Amino acid sequence: MKKLRVGMIGGGGPQNFFGGVHRRALHLDGTRELVAGALRRTKESSLAAAVELGITGYGDYMELVNSGEELDYIVITTTNDAHFAPAKACLEKGIPVLCEKPVTLTVKEAVELAGIVKKKKVPFILAHTYTGHPMMMLAREMVINGEIGEVRKIESWYNQGWLADNIEKSGAKQAEWRVDPERAGLSCCGGDIGTHAHMAARWVTGLETVRVSARLNTFVKGRKLDDDFNAICEMNNGATALITATQIAIGYKNDNGFKIYGTKGSLEWAQERSGCLTVKFGREDKVYWIGAGYDYFPASIKPYLRLPAGHFEDFLEALANLHLTMEFTVRKAKGEKNIPKAYPHPSAGDGLAGMKFIAAAVKSSGEKGAWVKIPG
Amino acid sequence: MKKLRVGMIGGGGPQNFFGGVHRRALHLDGTRELVAGALRRTKESSLAAAVELGITGYGDYMELVNSGEELDYIVITTTNDAHFAPAKACLEKGIPVLCEKPVTLTVKEAVELAGIVKKKKVPFILAHTYTGHPMMMLAREMVINGEIGEVRKIESWYNQGWLADNIEKSGAKQAEWRVDPERAGLSCCGGDIGTHAHMAARWVTGLETVRVSARLNTFVKGRKLDDDFNAICEMNNGATALITATQIAIGYKNDNGFKIYGTKGSLEWAQERSGCLTVKFGREDKVYWIGAGYDYFPASIKPYLRLPAGHFEDFLEALANLHLTMEFTVRKAKGEKNIPKAYPHPSAGDGLAGMKFIAAAVKSSGEKGAWVKIPG
Amino acid sequence: MKKLRVGMIGGGGPQNFFGGVHRRALHLDGTRELVAGALRRTKESSLAAAVELGITGYGDYMELVNSGEELDYIVITTTNDAHFAPAKACLEKGIPVLCEKPVTLTVKEAVELAGIVKKKKVPFILAHTYTGHPMMMLAREMVINGEIGEVRKIESWYNQGWLADNIEKSGAKQAEWRVDPERAGLSCCGGDIGTHAHMAARWVTGLETVRVSARLNTFVKGRKLDDDFNAICEMNNGATALITATQIAIGYKNDNGFKIYGTKGSLEWAQERSGCLTVKFGREDKVYWIGAGYDYFPASIKPYLRLPAGHFEDFLEALANLHLTMEFTVRKAKGEKNIPKAYPHPSAGDGLAGMKFIAAAVKSSGEKGAWVKIPG
Amino acid sequence: MKKLRVGMIGGGGPQNFFGGVHRRALHLDGTRELVAGALRRTKESSLAAAVELGITGYGDYMELVNSGEELDYIVITTTNDAHFAPAKACLEKGIPVLCEKPVTLTVKEAVELAGIVKKKKVPFILAHTYTGHPMMMLAREMVINGEIGEVRKIESWYNQGWLADNIEKSGAKQAEWRVDPERAGLSCCGGDIGTHAHMAARWVTGLETVRVSARLNTFVKGRKLDDDFNAICEMNNGATALITATQIAIGYKNDNGFKIYGTKGSLEWAQERSGCLTVKFGREDKVYWIGAGYDYFPASIKPYLRLPAGHFEDFLEALANLHLTMEFTVRKAKGEKNIPKAYPHPSAGDGLAGMKFIAAAVKSSGEKGAWVKIPG
């Protein structure tokens, strides 16, 4: 099976945070490969980043799009104000796009882009990452299939605390642009994380928000945009949705989740415990916790599961960390510079200790629990 | 940065379970690449699997080891009885090894292998995957650094239920070899999962088990090996360790974890909630829950974290699922066969809906909570 | 110490649900005694209930109030529409009142009653039971003392599912009056449980709600009152409060709790896990779980704690159940009728078994873990 | 219904810890009354305590037993060494006994006492309080009724940390006698809390421990008895039980619970979350959390439930705290001394605020969410 060839617009070099996240996700399955990119704002720095990543570099997105590279899709992970133009360019060239959220900076741009997607029929995926969680997908299947009946009420939320103080004044780059109307658009808290709560409410239920009554607050003095977002919505089936988000909830990191109440049952999910889905049915007073990988998953989701029941998806990162220890060890041995110290993960001696322990335990058990010395 | 070139012994084709897990972990960071393998027991099937994976195939592990391929390390993920010989071959050739657990089938083999590793100084890592969890690493750092004082007592456990019935008689391959002394060695439950509990007790504390009193049970009739394992151990500092495991705990998937009690505090971790570490200090009666990615992590662990606070490691799989949707879409469009159906992850229209929602909410808030229609 | 003498208006006989709850709470400490009551709506049934309870009966509340009985306080636990008149009568007679919520049926009555309390200075306590939870009291102390700084945002909620269907049509008495405007007043969901969420928001913070934007829904057809309640409020310090409640959340029993976000930290509590308070301070990224009975409790709350750390308050009911087993046994032996079957709680033989077990364990440990027979 | 008349041996005055716990449990239901006691070791102090409690005092237990008082049962809550003699005296007089655990100080005494109970057929209940938790009772019903099949393995534990240091040397009375062989008997940790773990293993399953292999540790220097207890047991059906306890687990208060694995399913309970029972059945991969008061409870347990679903038993203490506020207020007004300060629980003004809030919310909702001022 040939690997898919993927290009990237934005995403910087090896140290870039969100570029790195996309690259890891892109490479995870070993079936997709990053081959080319226009990675930064200037030609020079773009090319330098490409060298660091070992891929073909282009000076800007138009060069990449027009390069003639055989690309199966392009990932756009630029700042919000730089989604529209490259997305449009890709789509017009017929190249599928996986674009970071929000889709564009303005409603006007989004209308145009959605129109192009519709007309050109080029695949376009918006990186609302949480919708990739198997449990969120399972929740959607259950709701769409009517397992909880008609939806009456939705609560979806996203609470963070990192903007509780004026950190944009002390050099926090992630904060700086989010509170700046020029770069973030109409809303800070609503646009950044309220949209996740909004997407959960819509995507999981298949319903649409039709009317809204909202109260946005700016608690930290001097900010031009909201840092707290509260909305009561009407869905297109008459249901009510409470869609809330805040960035001033000290100590909360990514308290993102939803509850959905239907005429037959209820569902509850939270991303900080993403491997579980709570389901409450009828009047039987039983509460189910569904764990990742279990047999409930319908055929539509099974291709997205990578592990058997009881192993949460982070098992892969844990194993990858052992590969990383090997990588650090090998690179160090090759004389590469700036390699982090390899962590002392178990080695052959540890394996031997385990073997001796089991042998001694088997012996002790055979001798009715006699204490057996484990040879050193 | 050049990708590391990795070989694989065992691991089968694209559908193989544990080979697939290793391949995903191997590719996760985009800095390592599987390039060659001796993937199955026969030459023919090995070569076929390599074709499917798009890598260079070899007929058996000796061919691979002697091929002259430039390999940075080799992953061994064969059955337990086929760890020793290939591991030895790699090490003698100077090729670093990342080997699945248990290290070998017998203590004798393990002694020999540990000796070679020690003598040759070739890197060897044993895939006790749980030791790669950042929280388990953090627990180790805290204990080793004396934060909970001298260790007095350890409880470590691993409870599963999948062998509660005689499923080896009904064609469950994973069960068949584990209950067969020829292929599994001295112990089923102890060897398969008791070793994880044992490794946790040793690796996290830096202590060694020196004496053991054990009771192994075989609850399912007809089995030749244990399906339940209980041991009370003495550690080399005089501490007591309870190391237990069972495979007959119906409904338990991978209830693996540990508690460590020291003279200054206690620690608790469980793999089914791997992103949290519970710490109890002194007599202050406060309990801390430490979440993944937080500032506590010492420099020794930071290189192993891929995400900021509050995002558990499975965030990467969630995002990878969006890439997967794109992959399925693209491969289908290319006319490839047997591609699973792409899941309807958010697209441009969904992004547009979000933009409209935020704009309407901002408007409503500006009008003191008036209900604002969201344009369709 | 002389027991306080307590009277009761409403509350019925031994089988009455909420009368029974009050009587248990009243008797819990052994320092208060129910001595007299006007327990039901008619004279005859009132007197009969009093006989059953072994207290002095009165035909109606005026008889009780004017009886000249020495009463330290009176508990009013009638239906909502019958709080005002007896409360007024007690207060005018100078008798302290512990009254079930809501305080009255109408705002007008409540204004008058609050006026009398203020003028007469007679003690009046409203039975918002949740405010009696030590952890909710501790939360209040922490907020009032400024430990989380200035309050910015409050979320308080109460989710139930028991009115998800039209159960008032099938004879559920508790449902019947709550959906009847004559007996329940202006609101069903808001009045019944929204008030708990509202009280939490006010009482814990010491703030007052000053403006509100609300959406009440009636999801079950044919109802005259709301079964779902959503409000965004402004507090008198400018904070925003989300106060929500629903009775259509299938499977939710009493999902009642609050989160409070201040300029220095956050607090979280839920009545379904009432023995814990979650506290998140500053930017230190640590989360504390405070367990019942611990040393944190300030002097103002300590008199309200009955147990040491780690024992939740339900320990008392567990012990009371052993007394109940004794009671059932004794009453049965006396020939009393309709006594439930005594549950086989541990007896002397069980105690003996325990003694033998410990003796055998001490012996085994002395013999290095030898298996020791426990005599039958 | 006449209240039962209860006597008490030991239990001290109003400030006594465990005497107070028994008195609260005794009075909880309002159907039992403490009337007489021999409360302390000396005649004088016994009589003084009785005066403080407002009951009839006796100089010692023989005086009480022979007093001719009409007593329905007697509670014995003396130190361990003073259980046997009074229990024997009561039983020989035909008075039912509810006795604190352990049943006696020595096995010899326990044999004799169990013999008397058997011969005389006088009710005797041993205060293993945890067996009174409805969820522990439900667990027992489920196991006894075969719902989880034949029991294969039991884990029961009790972890505390309060004896992690040498606190008996610094005046901690509760610690002093527990580490003293004269007063505590053969074992400290095993006898004090290991017995709870042992009782859980036996009582919930109806099985008996028949053989044991144990390791007891004394971690704190200078102690004569164990502060850590570990036992592997054989049950009379061949099952294995791990029965463990420790008092050196810093930060753990009363981490007491059990897991039971049968041929058809598993059960799990912990006293620090006593209102939940986790049940895992067959291979269906579903996990149920059963909450207190739900419909599952069989007829044998229903008489022991005091509240409806979703209200945990501590609801009663919360309500009792409001009665306590009233009590403090009333006693203070009467001029009684040393009354703690009444906590500001909600009063009429708070009730009025709630009424106004609901009225304003109803108005706002009627006006499509317009912001409505709540009158002050």
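Which chain is which? They are A, B, C and D, in the order written, and residues in each are numbered from 1.
Convention: contacts are C-beta pairs under 8 Å (C-beta built on N, C-alpha and C of every residue); 3 or more make two chains touch, one makes a residue touch a chain.
None of the values given here were measured: they were computed from a predicted structure.
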item	value
Relative to chain A, chain with the most remote C-alpha centre	D
B-C or C-D - the one linked by more C-beta pairs in contact	C-D
Averaged-CA centre spacing for the pair chain C and chain B, given as whole angstrom	47
Distance from chain D to chain B - Cα centre to Cα centre, in angstrom	42
Chain centre separation (chain C, chain D; CA means) in Å	21
Residues within chain D bordering two or more other chains	213, 215, 232, 252, 285, 287, 291, 309, 368-371
Chain-level touch network, classified as line, ring, star, complete or other	complete
Of all residues in chain C, those that touch chain A in their complex	148, 152-153, 155, 159, 161, 164, 213, 215, 217, 219, 228, 230, 232, 240, 242, 244, 246, 248-252, 259, 261-266, 280-283, 285, 287, 368-371
In the complex with chain D, residue positions of chain A that touch it	213, 232, 285-291, 294-296, 309, 368-369
